[in-house]
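Take a look at the structures below.
The two complexes that follow have chain A in common; it is paired with chain B in the first and with chain C in the second.
== the complex of A and B ==
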C-alpha cells in the first residue's frame, strides 16, 4: 500500500487527542460509576445520589446556586450585550473588550481579590450562599455576554425595520423580533454559565469559605476519600444532565439553521 | 478513514491503560554496587533546597558519586496525600524505593505487609547515634522500628491572636464552639484531624478531669496516656454520632473550613483562632511578625494529637541505596537544614542540633522575662544539660520543641479500618454538606423555575409571542 497524504489525515492529531483525553477518561469513569469498591457491578452509587442526604443537599445547593447565577447573569448580560451590539456606540468594541479583559487575569487571583474586598466592606463572613452567587456571577458574566453579543450583532436590521414599518412599537418589536432571534445566544449563554456554576467549587471554597458543598466539591471530597465510585457516579450524572440539555436545545442537529443554540 | 480511526483508537486505548504501568519501570540495573537507581516519593516541599534550588536528594547523588565513585540516579517525585501514595503502591507495587507517609498510613502498610524491613543500627548509623530517644521509644512501643524511620513530627493546636483571645481560652478546645468566637475560628478540611477535634469537643469535661487527675498525681503517666489514646481512638457509632453533633456546632461557629487559607486569614486578622499543625503555626508566626502582628500557639490542656511522617521502604525496594540516603539526611547538619526549610521538628537531636536551637532561641539566664526550659526528654543524647532560657513562651520555640508536659498529653491517632473510615467519612461529608437555609433553596429554585419556564415557552410555544393584529385589522391568509 502506498502511503499518500490526504486531507482527512489532518484530523489524526485531533482523533488521537479525542481518544486519549476524552473517550478514555469517560470509559474509565463509566467503569468506576457502575462498580463498587470491590469491583463488582452495582447501581447503588446512583441510587445513593438521590437517597443520601449529603449528595441530595449538594444537588439542591448546586442547582439553586446555578439557577440563581444564570438568572442574574442573563438579567445583567442581556441589556449589556444589546446596548453593545445595537446602539451603534462609538467605542462599542472597546467597551466589549473591557468586559472581557478580566478574563485575562487568573481567576483564583481575581477571587482572592474579591475575597479581600468582601472583607473590606464587611460582608465576607455574612452569607456564604450569596457571596458564592456574587462570585459566580462575577466570574461567568463574560460567558453570558459574549454569545449574546455575537447573535445580536449578526441580527438582520431589516427585520426590525420591517416590524416597525408594520406598526409595532419598540417594546413589541423587542419582544416579538429581537428576543426570538437572539434565542441561540441566550441558550448558549445559559449552557456556558449553568454547568460550570454547578461544579466550580473554587469559588464556593474561597468566597463561601467552604461552608457550601456544591457538586464539584462533593466529587472532590469523594475522590479525596478514595471513594472513586461515588465521585465517578456524580460526574456521570452531571454529564447526563449536560447531554439532555444539549439534546433538548438541538445541539446535536447537524443542520445549523435548525439548531436552537449556537454551537458551544 | 473509518478503519484508520478505528485502528488509531484501539492503539490508544492500549496505550492509555499500559502507559501508567510503563512509567514505573522495574529496576534492572544491577552492578557490583547493587542497584544504582533510587526512587523516592515524598510530600511536596518536604526536603531542603539550597538558594540555587538544588535539593538535598540532588546533593546526595553527587555526594555518593564522590564517596563511592559510582554514578547513581535518584528519581524524586511527590505525593499529595498518603491515600494517593497508597493507591499508587497498590496499583503498581514496587514502584518506589523510599516513601514518607504519615503515622496511620505506616501502620496500615505494616499491617498489610507492604513494607520491607531494615536494621537501623547497622544500616543507618547516623540515625542510631543522633536521633532523639523520645521518638525511638515511641516507635519501639508501636512496633514500627524496623519498618519506619521518623522524619518530622509535630502536634496540633490553636494558632491564636493573644490580643483577642486570652491564653486560658486558647488552651482549651472549647473555644472552637464558643459563641464568643463566632466567625473567628476555623476547622480543617481534613477528616482525621477534624475527627480528633470532634472527639476532644465531645469529651471536653472528661478529658480535662483526666488531665487534672494526672497533674495532681492521682493517676500515673502510663495510665493517663493509655486512657488518652483509648479516648481519642474511639470510633464507635455512639462516639461518631456525638462527634457529628459537636462538629456541626463547630462548623456554624467557624469562619472557614480550610487546609491552607487559615494561616493567611490569621495573618490578615480575619480570624483569631486557627486549628492548625505546629509547623504551619511556626510559618504563620514568622509571617505575622513581618507585618508587626504577634501570634501564639497553644496545645490545649485536654490533650492533642502528636503525628509523625516516617521513611519506609515498600516490598522489593532498593534498601541498600535507600538506607544510604537515610543515613545521609540523618546527619545533624542535614537534619537542621531540612528543619529550617520545612518548619517542622526533625527526629534528629544531638549536640549540633541543640547548638543551633540555643543560637536561635536562647536569651541567657539574665535576660528579662527569661524562663528556664528543660528539654532533656528530647535531647537525651547530648553531652551537657539540655536546658535553655527563653523569653517568649507559646511561640515558635514551644511550637517546635514542646516541653514534656505538652507531649505527655499528646497521643497518636491509629489508622482507621475500612469500616471506620467509611463511617467517619460519611459523618464528615454530612457535616460539610450541612443544612442550607430553606429560604435560600426557595429563592434559588423559584428564580430557576421561572427561567426554565420562560425558556420552554420561548423554545416550543413560539406562538405565544406571535403578534396579534390590532383590533379592526383582519388577517388575510
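== the complex of A and C ==
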C-alpha cells in the first residue's frame, strides 16, 4: 500500500527528533538519578541533596537568589512595562526595543561589561551575593518586561473606564482591574526569570567570583567529576519543580515564549 | 504632569542601569590600557590587534557558522513540524506542543546535562563532536521556530491550499507556492531568533562541544574567569563591535517592520 501524502506527516521528522533528543535524554537522566555508580537502584542521590552540606547550601542560596532576583525584576519591570504600554507615550514600541535590545547581545559579553564596570566603581570584591543578584537582574530584566508589556498592551481599555465610571479611584482601579488582568504576563515573567536565576551559574561564576554555588554550578561540578548520578538527581529535581510550576500556573502559556522575543 | 516627569525619570534610570556598563566598555575600547579606568590616549590599537589575532577570528567564524547551521536546520525542521502539527488531530497536536515546550521552560542546565548523558552513554560515536554541539543548539532553537510559524498558519485562509489542489497543483507544489509565501515572515523571525539564541548560548555549548572547539561565549567565559587576563583589553574591542552590530540589526529590522506596516 502506498502511503498517501498528508500535511500532518510533515511533523514526523521533528517527532523523531524530539523522541531522540528530548524524551530519551530525560529518561536516561531518570535512570541515572535512581541508580548508584554500579547501576543498582538507590534513593541515596536524592537523600544526599538534603544531607550533603554543599548540596543543601546550594539549594538554599539558589532559592534565595532566585526569589530576590525575581522580586527585583518584577518591581523594576512592572512599572517600566506599564509606562511603556499604558501611559500614551508616543514612541512606546521603540522605547520597548531599547529596553530589550541587550537581550540579543551575547550574555557572557554583557556580564564581562558588568564585571569591568563593577571593578571601575570598586564594588567587585564587595558582596559576591549582591553582585550575583545585580548580574541576574541585569541579565533577566528584559524577560520580565516583555511578557508584561504584551499583556498590558492587549488589555481592554473599556474595563478600566468601566471601573472608573463605577466610582473606583485610580489606585483602586489599578489594584482591582489592572493587576488581575495582567496576571498572565506576571506569571510568564516570573517563569522566565525564576528558573534561570536558580541555575545560570555563568553569572554567579563571573560576578560572584565563584564564591557562590547555585544549583546549576553544582550540576556542572558533578558533570566535571563525571559524577553522573548526583548531577542527574539534581536535574530531575529541577525538572520536577518546572513541571509543578507549569501545572500550578495552568499550563504553558504563549507569553512565556514571548519573553524571548517570539513575534516581536 | 508630575506623574509624567516621574515616569520619564524612572525609565531613564533603568535605561542608565542597562546601558552604562556597555558604554563604559565601548569608551575604553578606544584606548590601549590594560585596565578600565586608566586612559592611555585615543587609539585603535585594540581593534588592530583583534583583527590580527587569528585564534579569535577563527572563534568568531566558527560561532557564526554554528549559528547559521543551527538556524537553517531548525527553521526547516520547525516549519515542517509546525505545518504537520497544525494539520494533526487534536490529541497528537497537544502531545507535540507539550514536548516542544519542554526545552523552552526547562532550565538550560537540565537540557544540557540530559544531552551530555545521551552522548556519553548511548550515542558515544558522536560524543563531544561538532555534530553533538549542533544537535544541542537545534534542540534549544527549533521550539521557537514552531512558535513563530504557528500564528502565521492560523491566520492563513485554509481554502487557498484546497483551491490550489482543485486547480491541479500537487500537494508539494501547493505547499511551496501557496503556503510557504504566507508563512515566510514567521519563518524569518524564527530563523533570526534561532541565530541569536545560538550565538548567545553558553551552557548547552559547554556540555556538548568538542574539548578544543570554542564559541565566543565559551572563549569570553574562560577569559573572564582568569583575573587580570591579558585577553581582557581585546575583549573590549570585540564586544564593542558586537554591540554596534546588534544595535544596527535591531534598527534595520525596526525600519523594515515599519515599512511593512505602512504598506
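Quick note on the criterion: the second predicted complex is superposed on the first by the 251 of 264 C-alpha atoms of A that agree within 3 Å, B and C clash if a C-alpha of one lies under 4 Å from a C-alpha of the other, contacts with A are read in each partner's own complex, and residues count from 1 in each chain.
In this text, a residue touches a chain if its C-beta (ideal position, glycine included) is under 8 Å from a C-beta of that chain, and two chains touch if they have at least 3 such contacts.
Quantities reported herein were computed from a predicted structural model and do not represent experimental measurements.
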**Report entry** Which superposed partner A:179 touches (first chain B, second chain C, both, neither)
**Finding:** first
Report task. Go through the superposed model and pick first if A:249 touches only chain B, second if only chain C, both, or neither. Result -> first
Query raised in the report: Just chain B (first), just chain C (second), both, or neither: which does A:155 touch?
Result: neither
Query raised in the report: Counting only touches as set out at the top, which of chain B and chain C does A:202 meet: first, second, both, neither?
Result: second
Query raised in the report: If you stack the two complexes on chain A, which partner ends up touching A:110: first (chain B), second (chain C), both, or neither?
Result: second
Requested in this report: Have a look at where A:23 lands relative to chain B and chain C in the superposition and call it first, second, both or neither.
Outcome: both
Query - Greater residue coverage of chain A in the superposed arrangement, chain B or chain C - result: C
**Report entry** First, second, both or neither for A:63, with chain B first and chain C second
**Finding:** first
Query - chain B and chain C contact sites that coincide on chain A, given as residue numbers - result: 8, 12, 15, 23-24, 116, 119, 206, 210, 260
Requested in this report: Spell out the part of chain C that touches chain A in their complex, as residue ranges.
Outcome: 4, 7, 10-11, 14-15, 17-22, 24-25, 28, 35-37, 77-78, 80-81, 83-89, 92, 96, 98-111, 113-118, 120-122, 135, 138-139, 142-144, 147-148, 151, 171-172, 175, 189, 193, 196-197, 199-200, 202-203, 206-207, 216-217, 220-221, 223-225, 232, 235-236, 238-239, 242-243, 246-247, 249-250, 254
Query raised in the report: What does chain A use to touch chain B in their complex?
Result: 8, 12, 15-16, 19-20, 23-24, 27, 53-54, 57-58, 60-61, 63-68, 70-71, 74, 116, 119, 124-125, 129, 167-168, 172, 175-176, 179-180, 183, 186-187, 190, 206, 209-213, 218, 221, 224-227, 249, 260
Query raised in the report: Where on chain A is chain C touching in the complex?
Result: 5-15, 17-18, 21-26, 28-29, 32, 76, 79-80, 83-84, 87, 94-95, 97-99, 101-102, 104-117, 119-120, 138, 141, 191, 195-196, 198-202, 205-206, 210, 215-216, 219-220, 223, 228, 231-232, 235, 238-239, 242, 246, 252, 254, 256-257, 260-264
Query raised in the report: For the complex, which residues does chain B have touching chain A?
Result: 1, 4-5, 8-9, 12-13, 15-16, 81, 83, 87, 183, 189, 191, 251, 255-258, 261, 268, 270, 421, 425-426, 429-430, 432-437, 440-441, 443-445, 447-452, 455, 458-459, 462, 465-467, 470
